[in-house]
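Quick heads-up: structures coming right below.
Below are two complexes that have chain A in common, paired first with chain B and then with chain C.
Right after this comes the complex of A and B.
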């Protein structure tokens, strides 16, 4: 039973590492979308075939797999953003840090035993690693767009963590969370466009006028 | 019924203000919404609605306290918005361009709509009883305020908005993780579903898993703490408060930060019920003092008066957190502090809006001789200085006094001395800047001040004075009840 679950979780980890190594913006957005699809599939797998689970998994699939990549691609096209990721922390170093974060997550996962049996023991370390990878993308990359992708990856990680306890939280709240994420990405996308118009590019290191 | 109306009316008004074409009608609509909201909240004071234990929405003393602050401040800001929007409409600099997606054409309609949405989401924060829904509502307040902060649409407001969005969204994402940790902490058996309803959680708190609950608390503290503006995660706050229109800054400082504080207090209710208040006290004490220290450092010699007020917000949220950390009767002091500083700080931001409109600069050395140029605003500004730094007879004084007395009584002498020291530094920093602005000589002519720009801060100043002279028994009772929910007296 655990086999497809574990394979999916391993794929999520590989995608996290790939996100850290990516140099092309388009690919970054695409594989983040792929991760969203995988996690929606996981949600369906864990939740089983009941209406609430199908509803939230579908909503998550549509948003993360179709709507978000579409919005981000559109923001990229309209702002005619340069196609490179422009890392703040180099790509090779990013991967090394990524592996260290993975080790940290596995260690933390072993230190935080869940009080209930879950579908797969890997779920907690994988979720933690995805959260950390998302945070790393937010602080380690220059472009506003990469920060949005980082936020999405962070959210994916938290969502994965939620799967461990999915039968304990009501579906209406999950929909609310998805809606908030949707609006957040929408507003951030619009902001990206504005930043580009104002500064001719979307490097957030230009946003340093305000200080004491 | 009335609870549902408190939510639906602002949301309906938001929709209507997009549709209404004439500016005048829309302004009346926004003020009307604020007035109806305020009247309904007053109704809740007179006829309390008994809480249905299974309802998603209910009023308890803590919620009613924060709801009242929100509603009052929104009403004053709505009044002030008429003055502000008229001025914007006359200023061609703010002409909207077609390719602006958030505000596009009809800038003002969207501004009013976001304002009403903001009110609705804050009311939801105050009324909801479910931790999941609480999270959704808090995140919604972030999203609805982002376009308001971006209203001036220049480089600086863009930078402030981006920082605000990224920091607060990440913070709130961590609070979501806190929700999941809390769920795990509350799991008793695999088959049983965990309800995230506040009364259920409080009831089950004593038997929760300690490690997970502590971890959940820390995540909540970081997450909601970011939005409250507690150091070291306060970085968004000075930028957003400085770049937003002053009436929005008033709402951010008085209502938004406090709503996030309420969310953290909901978590605290569970921690108290679980018997972990000893663990949380240390966190609150340290972070509270750190916030005051950061505020003191940046207020001293601060050249930008709106920024100075923003750091003063960091200070006051720090004081409130400090009071929670001290415990006992200091929790009541924290409640007093929250109410009074919200009122005074919002008033000061509105006056700052008047100053900005008259002098057209945010730097303090560009503003001199306010007493000659704009005597009423200057009077309010200087009264506000004494009120906010905790001079009697204003209400802020009593909050600080109660907290300080309890800190000494509980034997925390080092903390008490540090507390006093930071207060003194901040008093010196703020009074130097604000008195220089008020006094001094100016070449400017005396100007006529618009009554619309004076009435809202005047109302708030009077409320602060009344709360300091005679705390009405109803208010005092409510604050005591709220403090008791948090394990205080």
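Right after this comes the complex of A and C.
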């Protein structure tokens, strides 16, 4: 077991669980940013010290650690969103479901046949769990903003999965994905503001009630 | 099979019985240091217990024998727990496979008699405190048991003496993330079970907000002395579980190990004092959430260990 790698991965899992348990939006955004930073560090650790890996890791660090939280905070301020996460599924139950998802991902990770050897045994289950946690945030929370955070976490998971199986993936692809995510978050931030201005709330549940 | 260790184990047991109330003194001193006060003497708990033992007790006419039973059985439970407790990596006086379940059950029995005594008074405040205490401990107990399961799995041992005797630097090297998670879970359980600050404020004087203190409000004299001493022993037991994991060296020679262990316990008390000084109490609704989090940490540690 590589100690620094495993510790980073366990921190990522802890952050996933914390995201499921948080009741304040600001903390949610901050913790998601921290996860982005950790995953960038992981990318650097896996990729080693070559220019391409340093470039992608830095780009992901700047975007996920600084730009995204800044944009989300601004969206929150401008839409003057209430500070509470509004869960469909209670916070305690969310943790329990999170643990079940973790067990599922550990099981899946041990069963999943992979074409190439992975950097660490834990990395595939952690990636799967991060993806599932992101999905759970999207479906289990009421507000548009928490859904953006869920999307970011989902992307973190996919990025980690990419780290696990492709040591030599072209860095231009990674950068392209980061750009996509950036645009997505940018648009979603604007959307949140628009939804709020039109309807005085960002409760996605009520969007289905729209007429013509 | 039950194994009885006699070699110096009686002496170590005596050390636990004598030193336990000192932890409270250290906690109070740490808090006083943070608040810029002088604080009570380190031995205040001993003075309190000695004072209470000399007093008589006024017992309400509405209570029955259940009320009298609470403090006595409670103290007996934790004192028995001390027999099972390994100390600084040395085996406990009595050890057998599965003794950690017995220890957990003894703590549960202590809680049961304390709660029964509180309910026996018929006071609504005490009933409220009892209900909260039971709620918190129902969530803290799984965390404790799952943490034991992690240790048992890692060391392939079923008695606490073997488990803690084998925790060593090598295990820390192999499974550091799991161990850190278990330590975090155990520390939360330690604070919750001992009614310390994020869960319960031992110094509060408002019945509505008390949890543990309100349950013993009607006890006085020697009964209260038993309760104080019992809670000190309980703190020693749960603290020893943590310190036994944190200090993974032993059997170099007896005295330095024991010295190191006691220093570890005192440091733990300082840590509790720091937590109490820098944190406020959690809202009542958030307490179960933190405890579920502790269970989560322990289960995560178990999964990592099973998965690895």
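Observations on the structure shown:
As a convention for this text, the second predicted complex is superposed on the first by the 205 of 212 C-alpha atoms of A that agree within 3 Å, B and C clash if a C-alpha of one lies under 4 Å from a C-alpha of the other, contacts with A are read in each partner's own complex, and residues count from 1 in each chain.
Going forward, a residue touches a chain if its C-beta (ideal position, glycine included) is under 8 Å from a C-beta of that chain, and two chains touch if they have at least 3 such contacts.
Keep in mind the model is a prediction, meaning the values are calculated, not measured.
When both complexes are superposed on chain A, chain B and chain C end up sitting side by side without clashing. In the superposed model, A:66 lies in contact with neither chain B nor chain C. Touched residues of chain A, counted separately for chain B and chain C, are more numerous for B. Look at A:151: by the touch rule set out above, it reaches chain B but stays clear of chain C. Of the two partner chains placed by the overlay, only chain C lies in contact with A:6; chain B stays clear of it.
Once the two complexes are overlaid on the shared chain, A:125 sits against chain C while remaining clear of chain B.
Angle at the C-alpha centre of chain A formed with the centres of chain B and chain C, after superposition on chain A: 150°, rounded to the nearest 10. Shortest separation of chain B and chain C in the overlay equals 21 Å (C-alpha atoms, whole Å). In the superposition on chain A, no chain A position is in contact with chain B in one complex as well as with chain C in the other. Put simply, chain C touches chain A in their complex at residues 173-177, 181, 288-289, 292-293, 296-297, 299-300, 303-304, 306-308. Across the interface of their complex, chain B is touched by residues 112, 114-117, 131, 135, 138, 144, 147, 151, 154-155, 158, 161-162, 164-165, 167-170, 173, 176-177, 179-180, 183-184, 187-188, 190-191, 193-195, 197-199, 204, 207-210, 212 of chain A. Put simply, chain B touches chain A in their complex at residues 99-102, 130, 132-133, 135-136, 139-140, 142-143, 146-147, 150, 153-156, 158-163, 165-166, 169-170, 173, 176-177, 180, 183-184, 187, 189-190, 193-194, 196, 209, 211-212, 215, 238-239, 242-243, 298, 302, 307.
Put simply, chain A touches chain C in their complex at residues 1, 3, 6-7, 10, 13-14, 17, 21, 91-92, 95-96, 98-99, 102-103, 106, 109-110, 121-122, 125.
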